[in-house]
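The following blocks contain the structures, represented as structure tokens.
First chain A sits with chain B, and in the next complex the same chain sits with chain C.
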Partner chain A sequence: MATDISVPASLDHGTPGPGSAAGRNPWWRSGNIAYGLVGAVIGYSIGHFLGNWIASGYQQVQGSGQNDLALVLGYLVATLGWLAGLGALNYPLQKLVGIQVTSEESEDIEHRKLGAYFKYTLDHKVVGVQYLFGMLAYFIMAGLFALVIRSELLSATRHLLAPDKYLEVVGEHGTMMMMMMTSAILGPFGNYFVPLMIGARRMAYPRLEALSFWITPAAFVVLLSGLLVGGFPTGWTGYAPLSVEATMGQDAYLVAFGLMGISMIIGGFNIIATVVNYRAPGMTWMRLPLFVWAMFVTSLLMALAAPILVGGTYMTLMDRTVQTALFDVNHGGSSYLWQDLYWFFGHPEVYILALPGFGIALELLPVFARKPAFAYRTAVAGMVGVGMLSFFVWQHHLFASGMNSDMRPVIMLTTEMISFPTGIIYLTAIGTLWRARLRMTVPMLFIIGMLFNFLIGGISGVFLSDVPTDAVAHGTFFVMAHFHYTIMGGYMFAFFAGIYYWLPKMTGHQLSQRLGKWHFWVLFIAFNSTFLPLFAIGELGMPRRVFEYQRALQGLNDWVSISAYVIGIGILIFVYNFVKTVVIDPRTPLAADTWGSRGLEWFTSTPPVATNFVHIPEVVSGPYEYGSDAGPMAVLDAGATELRPGATVHEGN
Partner chain B sequence: MMTAKAGPSGEPAELSDRQHLSRIGIIWLVLSVVCMALVYFAWGPHMPPGTDSVQAKGQQFDNTVLATVATPVILFIWVYLAYVLINWRVRADTPVAELRDGPAIRGNLRFQATWMIVTGATVLSMFIFGTYELVKDSGSGTGSGQAPIWTPAGYSVDASQNKLLVVQAIGQQWRWTFRYPQFGGIETSQLVIPAGQEIQYSVTSLDVIHSFWATNLGIKADANPGVNNIAFGQATKIGPIDIRCAELCGVWHGAMYATGQVVSRNDFQTWIAAEQYAHKDLITFLPPYADFYLPQSDGGFYDPSANPLPNPPGPTPATSPTVIP
Partner chain C sequence: MTQIDDSKAQLGLPRSGRLALVTGVLVVVGAALAFTFAYLISYPSTVVAAATASDTVVLQSVGAIGLGNHPTWVSYMAQENGNWVHSTVLTVPANSDVHFKIYQYDSGSPLRNPYMDQVAGTVGGTETLNGQVVRIVNDNADGGIGHTFAIPSLGVYVPMPGISSLQTNACSTPVPCATTFDHNTVEFTIHTGAPGTFTWQCFVPCGLGFLIGNGGPMSTFGYMGGYLKVVA
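Moving on to the complex of A and B:
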């Protein structure tokens, strides 16, 4: 079972310990962001030159005046240059050519220098914090695009943006949210807390983990740079014949999405391997926290679904650059192929964007209800069931497409079956709340809000899984309202719950609870006020991604736009709270045991020491044994004082 | 139901599990009965997409049924959450040292089994209902591919045997064109159809993926290049038709409208005869009617001989379709 718990804190075997000067790299080999940027510029130039050298004679390039190959190679080599400049390639290259591997990474971690957070570092806790800041930045950027969209839709016929600019903004918003936010919970909280929650000192593949993060800024910048070369007109779904004929911004979409797919694959494998191999003694599968289960299943989905996406983007890039005809019906391709590939990834992906939310909800409910998780094993089965079923439902996105139309009853069945395991999540939630001693703290407010929102999202999904009702709703704002209810109302609310809940553990500072309540209520009311009318707007005949609509719908659209601005205010309250607490005025006293949780992540100092635990704890009971006489969840090995849940831990360091 | 373990001491007059459950149950039941009746009888007849066609009416009925079934589900969770928040809260700022645990209930087999049976049965009945409605309405107005298996009476794959009025909807960036193969393959920019007539919409595209959506007729079928996507519909009310593109197809997707009219059968005959006469010279310039059109290698015209289907329908002499009574 749990193996390899005694690995040394140093992440490289047989090298000098952390902090030892003998292990230092020369200055020119220790990467940093500045080198990364230089590497990216050099890489872009090389790639662009190569692309021009290869393809400038192509008939296609000369006819259209756009050399997609040069841009794509520019993006790809720039990404390599960025990673090389960060030092991500040092270790594998040194290993490859047989140079003695040095370990410079552990030093900054050990002393927790600020600089460690701006480097390619191997401590999962640093990567978690990097992810948190990165994801918040991407999220806010994508949210600003949403406000631009809503501003354009203030009027039915008068326009703020030209139609092509409008589509560019729609595409940037959708793609940024759907591709960057796949890691919004797994990135910060999965990477930070999975080892802590299973009693491990480290991740299984810390280099892959760090790589998975440092790819995201590259993907983000590539995606954003699409605006400089004309944007892309396809929205986040990138349907194929259109994406093949689109302007060069489409290359940015394809490369960025492909990069993010790679980030998902390697980040997912890291967590799978960690959960399988690095559990502390006594941490049986049936004692795993539900959050870890959610991360495990999410990682499986990432590792299995994202390769299809990478393949799909690769094919489209081939069609665009070297004139293959995979999606060209005149030459044996098919316009259905991308739809199939994309949704075969895309539907598991929407559960990549739902399961982490379930995980946080089920993790926090026992803590604030002070009761065991109700029907723990059933909940685990529910999450695994959601994950498995998500691979069998993708064609419900294509009910009106004419493809495979006789299969529609089967897809209808598998899709509606998903409400069975999803219902189990609610079963566990309401069972845990039964006779609870419920503390409505800020994290709990967000979880209750999430249960409320996701319910509407899930129920509206039934209308999309049923072919006759989908005939009305497909391709309209109804769909858009549905997935915003599940992802924004579910996933984003859980994300904020996670921040309020775990930030004290990660930084030692607690966010203002008063501002947190304002944040919740403004966001919750504005969210519902924004997206509830969109169901009606869609059913009344407004397709998605249009810049013009029926005059009769202007009143509703204005209401939605104004509510969307209020969402922006809600997010601003959070940003103020976050920046004030973490950056400007971090004076709030350290709270070693903020919530009275039994979870293993609270069994160490706050913030945790570099090795997570001075002594690996031995797990003796489940994480949610509130109200029973099970005693504490874990004991430390010989010599260490026994820990009670909630006790402040003083590690001897 | 649930094991009545004595709650933590100090609570005044703690209710039993059964009492809590029956309170929740009664509130839920009363609200559900009232709201389900309101949804079904008051809201249902006004639900989109209206009653302008057989398909729209069917979809409206399906919307109504699903909304009615969803109502008690939503209400149960809402009532339960409200009940928990009102009855089982302690102060949020209780110091950690003073926290007391709730009862250690780890599960309840009866409750879990009931929950799963109810959700399972609901899911299965939704599936059966949806499939029945889909098959009964010959695809409920959705695009059903090149060879639909749920077809209305009078339909035949063989074009010469087909008794439906065929209207081809051709999407291209960024407009809709309609062809009437049984009337010499004439092209119009407006969709005109007779009321009470079963119509076969053959939807295809010349470039990227579009989606033909006649909003008030309840017809939605993707237009893919190289594909003949068939949907069936029968309009019942004389009046205007709103057509939009429901799949992102490029810059002017938002402006890809078309309009149309549902007219009486006599008016339709008059209109189509006038169209045929007015455009009799232009028709000779059109490519022969085909299930779909592929560009020729010189990029100029559309070549129906590239059609790989057996027996491409080809131009049909101007005969009126058999009107299904």
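Moving on to the complex of A and C:
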């Protein structure tokens, strides 16, 4: 059956915007990655020159022999040059000087070539795909650093890395995972699917959305470049005063984290504005898919928490470059201040990572359980509750930092309170499973794995929320095991579930389910084999970030390291499956609605057309009315059969 | 559920083009990874103490190293086969008495804690300062304490006085410094136990230009700290 999925010209409502008729820019205004790289090199040179010009005479620069200002300005102007080369500044600059912008780049899906994915684009679906590839690259790089760490820990004394490199690798791994991966789910799936799931044709701020992505490669390269200037000794938490004293790699950490903070802020505001303003007729708040709710709450957390991070990194950069003393106790500052600023962002960040994972779980469970989501409103309340409470728990990271002892019980209470909404979300997920006839597909396996892992991570977190227990476990591998269970075991398992579930819609290609099951089982077993023993290692007193440990712990550490290599094998299976299926030998699902979902994202062609929907759907029921006679979720314009679930849009094209 | 869809070009490329693309990406990524990990395992030069009865390690601490990435940083140099090299990785034999001789060319200041005036962990609990055997040095004397040589895991701690503030013949770059310049000579002996790798460092904040002196050379391997590799 041949189906016309082109976008009728009548959809264009006059105002040029995403999805409108394509136009050609002159070459110097077209923007691409090559120009971006040239812009970055030129920008770095200019910034570095300026920094030397301004600060080379500073007493501190002459005394220390290092000019942090030159490096920081180099990074910042390089980022501007990168964005300018990509064409990100064309539109605002043209508007600024009063030039009428007459055309926007836009390519229909049928005409989209490889090059479209390397451009600064206004199509949220392309941005979603860009995010997916970007996040996978960052994740794999950070994972390789993890394997280097585990390789070093095969021995109780130094044996692989140069002696000063271990902390650098730990810092790179931790920062890359916790900084870059904040957008692992919101980036690819939030950007791609939120408009589709709410029946919108576009994002509210497509330029900001694209900007939020294209900042991430700059942040990644800046962070990685820290290795070339000595690395940073602070790990991913960047505590002062060490961060103020450290060598120039710390500048890379601060600039990169600051850039990612900006990416989070603008990405978050874009999703918020889209969900508030662009819902289709009939898409009431209580009909919003749970994944959209998760994206919405996560975006609120990003928009509210990340500015504190950006402020903190800016303050530290000021201390390092122009000799303010915000974190210097000897001159009226407070190194303790950083811990408050950092964790005021950092703990909401934990939920920035956890909520999207739950969003995917809650979204997928009804599809594979073939029954309505259990206690929909309660699940929504749980997510909102987690989001609100997440701003009141950050000081539990400071239990061992000399905080006011009277505050400890208060923070212990708020931290334990957050178990309630988290538990509610968890129980609603379990409720959906109750008496369901499950389809054990690959996405479903990953969701069940995620629920198992998160349970261990969550319960171990309750111990750490108690002051007496935390006083013992603080700074040990017990803490490390806990947050890997919640973040890698929860968030990343959900990320993989999302990939297996939504990739057919994003690309029109379905990953091999057989390899997917291998991926799941290898990863699930190896993950638990890696991180469960770390609880014991932590309880036996092995501190984090130290590569020399008691010889008695070598057996356990070797077991953990070998298991970590097996995790690597699991990831390799996925990479092979992904590259082979998506790039080399594409596998096309026979059915457009691969999983039989009621969601609006399946109401359009696969992959979706540039404007998402030929006709905006009218939502008439909730997204999870499986097993009832509620009828389809949305009503489409008469004759728009190509948009109904089950329509086969690939054949004959 | 799925069918192989190889009849049409994906992303505007034929299958051979896509294979070439993947291969190209793998080559670039592989090269980048090889560069990164080669850097991570690159090891600084190591000075091996002569395996003689004396087993002497000869070091000098200088106010500014004058070479490398951080020429203004305070640093140690080590002697190997009579030549001075910029290294803080020292290899010594296990279960032996290893004699250290350190030429201290840097200036100093009083310590924050007078308890740290005491020598610890050396054979006899003493050091020899300019020919005189001492158990304790006075950090409030002229010149204060320039640096300390400490191996925490072995309990070794040796304070080394700085040169006098009245000196007129201080060593400046280029290093190494000749013994004709003002300096203090500190000698001590430690007994190494079982093989292992042990961190050694200076505990005097001396990173000029860094917050309370603890940044830069104090926190960068190869300047005011290193590794003692005790080998069988």
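Descriptive notes on the structure:
In this text, the second predicted complex is superposed on the first by the 600 of 653 C-alpha atoms of A that agree within 3 Å, B and C clash if a C-alpha of one lies under 4 Å from a C-alpha of the other, contacts with A are read in each partner's own complex, and residues count from 1 in each chain.
Quick note on the criterion: a contact is a pair of C-beta atoms (placed from the backbone, for glycine too) under 8 Å apart; a residue touches a chain by one contact, two chains touch by 3 or more.
The shown structure was predicted, so the numbers you read here are calculated from the model rather than taken from an experiment.
Applying the stated contact rule after C-alpha superposition, one finds that A:621 touches neither chain B nor chain C. Once the two complexes are laid over each other on the shared chain, residue contacts for A:45 go to neither chain B nor chain C.
Residue contacts after overlaying the shared chain place A:330 against chain B and chain C alike. Within the superposed three-chain model, A:539 lies in touch with chain B and out of touch with chain C [touch as defined at top].
Touch criterion not met for A:554: it reaches neither chain B nor chain C. If you count the residues of chain A touched by chain B and by chain C, you find the higher number for B. Judged by the touch definition given at the top, the superposed model places A:593 against chain B, while chain C stays out of reach. Once the two complexes are laid over each other on the shared chain, residue contacts for A:241 go to chain B and to chain C alike. By the document's definition of touching, neither partner reaches A:277: not chain B, not chain C.
By the touch criterion defined above, A:529 lies against neither chain B nor chain C after alignment on the C-alpha atoms of chain A.
Residues 163-164, 233, 241-242, 245-246, 330, 513, 548, 594 of chain A touch chain B in one complex and chain C in the other. Interface residues of chain A, counted against chain C in their complex, comprise 59-66, 113-115, 144, 148, 157-158, 160-165, 168-169, 224, 227-228, 230, 233, 241-242, 244-247, 319, 328, 330, 509-510, 512-513, 548, 579, 583-591, 594, 650, 653. Residues of chain C touching chain A in their complex: 1-6, 8, 10-13, 15, 18-19, 21-22, 33, 36-37, 39-44, 70-73, 89, 196-197, 199, 207-212, 214-216, 218-222, 226-227.
Chain B contributes residues 2, 7-8, 17, 20, 47-49, 55, 58-59, 62-63, 66, 70, 73-74, 77-78, 80-81, 84-85, 88-94, 96-97, 99-108, 111-112, 115-116, 119-120, 122-123, 126-127, 129-131, 133-134, 137, 139-146, 148-149, 203, 207-209, 211, 213, 215-216, 218-222, 224-227, 229-230, 242, 244-255, 294-295, 306 to its touches with chain A in the complex. Residue ranges of chain A in contact with chain B, taken from their complex: 163-164, 166-167, 233-235, 237, 239-242, 245-246, 329-330, 334-336, 339, 369-378, 398-406, 408-409, 412-413, 416-417, 419-420, 423-424, 426-427, 430-431, 433-441, 444, 448, 451-452, 455-456, 459, 462-463, 465-472, 474-476, 513, 539-541, 543-549, 593-596, 625-628, 646.
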